[in-house]
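Multiple structures are listed underneath, in structure tokens.
Okay, so chain A shows up in both of these, paired with chain B first and chain C after.
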Partner chain A sequence: MFSLYGYQDIFLEGAWLTLQVALLSLVLAVFLGLIAALAKLSHSIILTSIATLYTTIIRGIPDLILMLIIFFGGQVLINDTSYNLNEWFNEVVTGYYPDHEWTAYLPDYIDISPYIAGIVTIGFIFGAYMAETFRGAILSVDKGQLEAATAYGMNKYKRFSRVMFPQMMRHALPGLGNNWLVLLKTTALVSIIGLQDMVKIAGDASGSTQKPFTFYLVVALIFLFYTAVSTTVLKWAERKYSIQTR
Partner chain B sequence: MTAPTLSIRNLHKSFADNQVLKGIDLEAHQGDVISILGASGSGKSTLLRCVNLLETPTSGDILVNGELIKMKMDKKRGAIPASIKQVERIRSRLAMVFQSFNLWSHLSVIENVIEAPVHVLGVPKKEAIVKAEALLQRVGLYERKDYYPGQLSGGQQQRVAIARALAVEPEVMLFDEPTSALDPELVGEVLTVMRDLAEEGRTMLVVTHEMAFARDVSNKVLFLHQGLVEEQGKPEDIFQNPTSERFKQFISTVY
Partner chain C sequence: MDFSIIVNEYEFYLQGLWTTTWLVALSLLIGLLIAIPAGVLRSHQNWLIKGPIWAYMYFFRGSPLLVQLFLIYYGVAQFDAIRESWMWYYFQEAWFCALLAFSLNTGAYTAEIVRGVIGTMPLGELEAAKAYGMSRWQTLKRITLPNSLRRALPAYSNEIIFMIHGSAIAGVVTIVDITGAARVVNARYYAPFEAYLAAGLLYMCLTFSVIYLFKLWEKSYQH
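And now, the complex of A and B:
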């Protein structure tokens, strides 16, 4: 194995953490994106408005700012909510039992783990981009394909899972792949909220060893490795799914 | 006396202000092959699409094997099916063959044929495959079973679509202009398969422009004009002695 001034093991752990954050964010983003796309295409004005609000806001604000707002703002919001609920519960209980002593029904301070916060934030941001990709993909599926599914008695879940989903993914793959590459690189931002990913470790290590170039170069190479592998897999997937049309 | 396989009573369909069907009655018994003719815009495709509720009729009754498709009134949308479950069950007993084939493009030929039996009717996959292979054999496309629809000619795709329809053992087969999207030299192969099905006693409703098919294969012809049945009867009668001026005109222009 290569040696990095003794940082190699913790560095590999950081690289693995980066990949975890990226993959779990991707799962969340695809899930949110699908729901938002379906909401946008639904006939309900309420659903359409919520989805449009979501994609407009998220896509209009820099990722870094969103991450700071969700992590720090979310922390404050959760703690305030927890505090207020506690006060309210106690007030209600005291109303019934006047000699009741103040009790913390909910924890006074909830610490959001940067790991969860990072995944939620990135998933949330990229869900908005995925929504647009999926919306376009859904619209490009030929209506006759679904009509045949309806005519043969499929219910709406079967129509989606057996016909719509596999067909839309073909159209979604290029956009999905693009989003994935950007998402992967965006994980570098989780270092600012204190997650021990490889970017954070590189920062710490270069601080103590005075070798920033070495460490950041390694980070760059690992990202490049991840994206290169992704591109290859995506090319393969696109080819696999396009053969069927001709 | 058994109930007709399909009966349609006083069927109306409007799109917004446009009345497309203005009261159609139709009865199909086991083994009937009914051709539905008419100029474009006469409502013939809409009629067919109302049978399996791809279009929701504005009013009127549809009965499949004596079972009435129940409808209810919705404030916003007008008449809608009372039970989508019932509609889905009935749809699975009617098979449709589309003008533009509509084979599922992400599935191979054999997968297309077993899709509805396995995933709608719950037939075990192995059993469905054996049957699908026999059906593909029958429409002459067994050798192409692992191809994708995009790799086949229009005529071949339509024959696969017919195999897909047969795979659900339908009570009634609905053909929506099955040869209209085909190059002239490919029409014959599809008509041959359809002729075969008619001889075998399948109940078929065929919207078509193929006069020869209507005259030689079907036992009943319906001519629609502006949303009404303008002329109907046995083909040998109405082609020889049409009573309606419009039908006379229609056959003279198409021939």
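And now, the complex of A and C:
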């Protein structure tokens, strides 16, 4: 293996962490995106406006700011809420039993892990972009297909999973692939909220070795490698899924 | 939650808004100056011209902007040759490094847009230009570029939005842009929710004004 001033092993761990964050947020993003796309296309005004608000706000605010709001702001919000609830519980209990001692019914201090915060934020952000992709894909499925499914007596769930989903994924694949490539690069931001990913490790390593260019270049090259693998897989998938149409 | 902090520190945020605006605007301008020749020459037959442009675009489109910024801001200090030359005067400055990283990044993305629209240029128009006896340069200037600009607008407005959002990382390398202002306000008052929410709203205003302006511009082409 190549040596990197003794940092190669920890670097590989960081590279793996980056990939983990990216893949897990992708799963969350696809899930949220599907829900939001279905909500946008539903006939309920409430669902449509919630979904529209979601996608509009997300596309207006930078990922970094959203991450900071969720990580730092969420931390304060959760702890304040938990503290207030604790106070309230204790007050109520003391009202019944005057000699009751103050106890923390809810955890006194909750630490949001940057790992979870990173995944949740990135998933949440890209859910909005996925929603647009999926909305377009759902609209491009032939209506006759769904009518035929109804005529066959399929219920709503079967119609979606057997007819709509396999066909819409074909149209969604190019957009999905683009979103994945952007998402992959966004994961570099988790280093700012303190996660030990490649970028953070490169920062620490260059501090002690005085070789910042080398380390950041390696990070960039690993990202390029991920991108190259992704584009190859995506090209293969697009080819595979387009065969059946023609 | 106490939003009076934000009201008290509004001047700080306005300063951040101004920094973000000029940083992004200047990066986009320099990026465009890189992108047009790069996008045109990307389809050149000669590998000695095509190759380096391919490598430039591949690197800057394939790696995160944050890493590119760190590579310039922290990385350049590794080379004594630069530290001892006149260039060090600029590379010491965070704003210069951010400007350089952002320009090179948006230049690569925009070059891809340029390449895309030029590649899908209607052949009939090019043939007509040839029939009129225009030279290659005249065709490029009179036919290809104006026609491509119109078709590139939707993709380019997206790129501007990405740049505005991407520029938020400038706050990480000590620049007081909108994010930087929010970081300072948070450090002073420990009010992360209020500080970052205010920054988010400012970015949102900026984003939607750009989207609105581009919609108007695109509409003006549809006659």
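Throughout what follows, the second predicted complex is superposed on the first by the 246 of 246 C-alpha atoms of A that agree within 3 Å, B and C clash if a C-alpha of one lies under 4 Å from a C-alpha of the other, contacts with A are read in each partner's own complex, and residues count from 1 in each chain.
What we mean here is this: contacts are C-beta pairs under 8 Å (C-beta built on N, C-alpha and C of every residue); 3 or more make two chains touch, one makes a residue touch a chain.
All values derive from a computational prediction rather than experimental measurement.
After overlaying the two complexes on the shared chain, residue contacts for A:S206 are found with chain C alone; chain B is out of touch. In the superposed model, A:V92 makes contact with neither chain B nor chain C. Of the two partner chains, neither chain B nor chain C is touched by A:I116. Of the two partners, chain B and chain C, it is C that touches more residues of chain A.
By the touch criterion stated above, A:I192 is placed in contact with chain C alone, chain B being left untouched.
In the superposition on chain A, no contact is made by A:V233 with either chain B or chain C. Of the two partner chains, chain B is the only one touched by A:M154; chain C is not. Applying the stated contact rule after C-alpha superposition, one finds that A:Q145 touches chain B and leaves chain C untouched. Look at A:G73: by the touch rule set out above, it reaches chain C but stays clear of chain B. Once the two complexes are overlaid on chain A, none of the chain A residues touched by chain B in the first is touched by chain C in the second. Only residues 58-59, 62-68, 70-71, 74-79, 161, 164-169, 171-172, 179, 182, 186, 191-193, 196-197, 199-200, 203-204, 207-208 of chain C touch chain A when the two sit together in their complex. By the touch criterion stated above, chain A contacts chain C in their complex at residues 57, 59-66, 68-69, 72-73, 75-77, 185-189, 191-192, 199, 202-203, 206, 210-214, 216-217, 219-221, 223-224, 227-228. Those residues of chain A lying in contact with chain B across their complex are 142, 144-145, 147-155, 158, 162-163, 166-167, 170, 241, 243-246.
Chain B contributes residues 52, 54, 84, 88-96, 98, 100, 102-106, 115-116, 119-121, 148, 150-151, 164, 168 to its touches with chain A in the complex.
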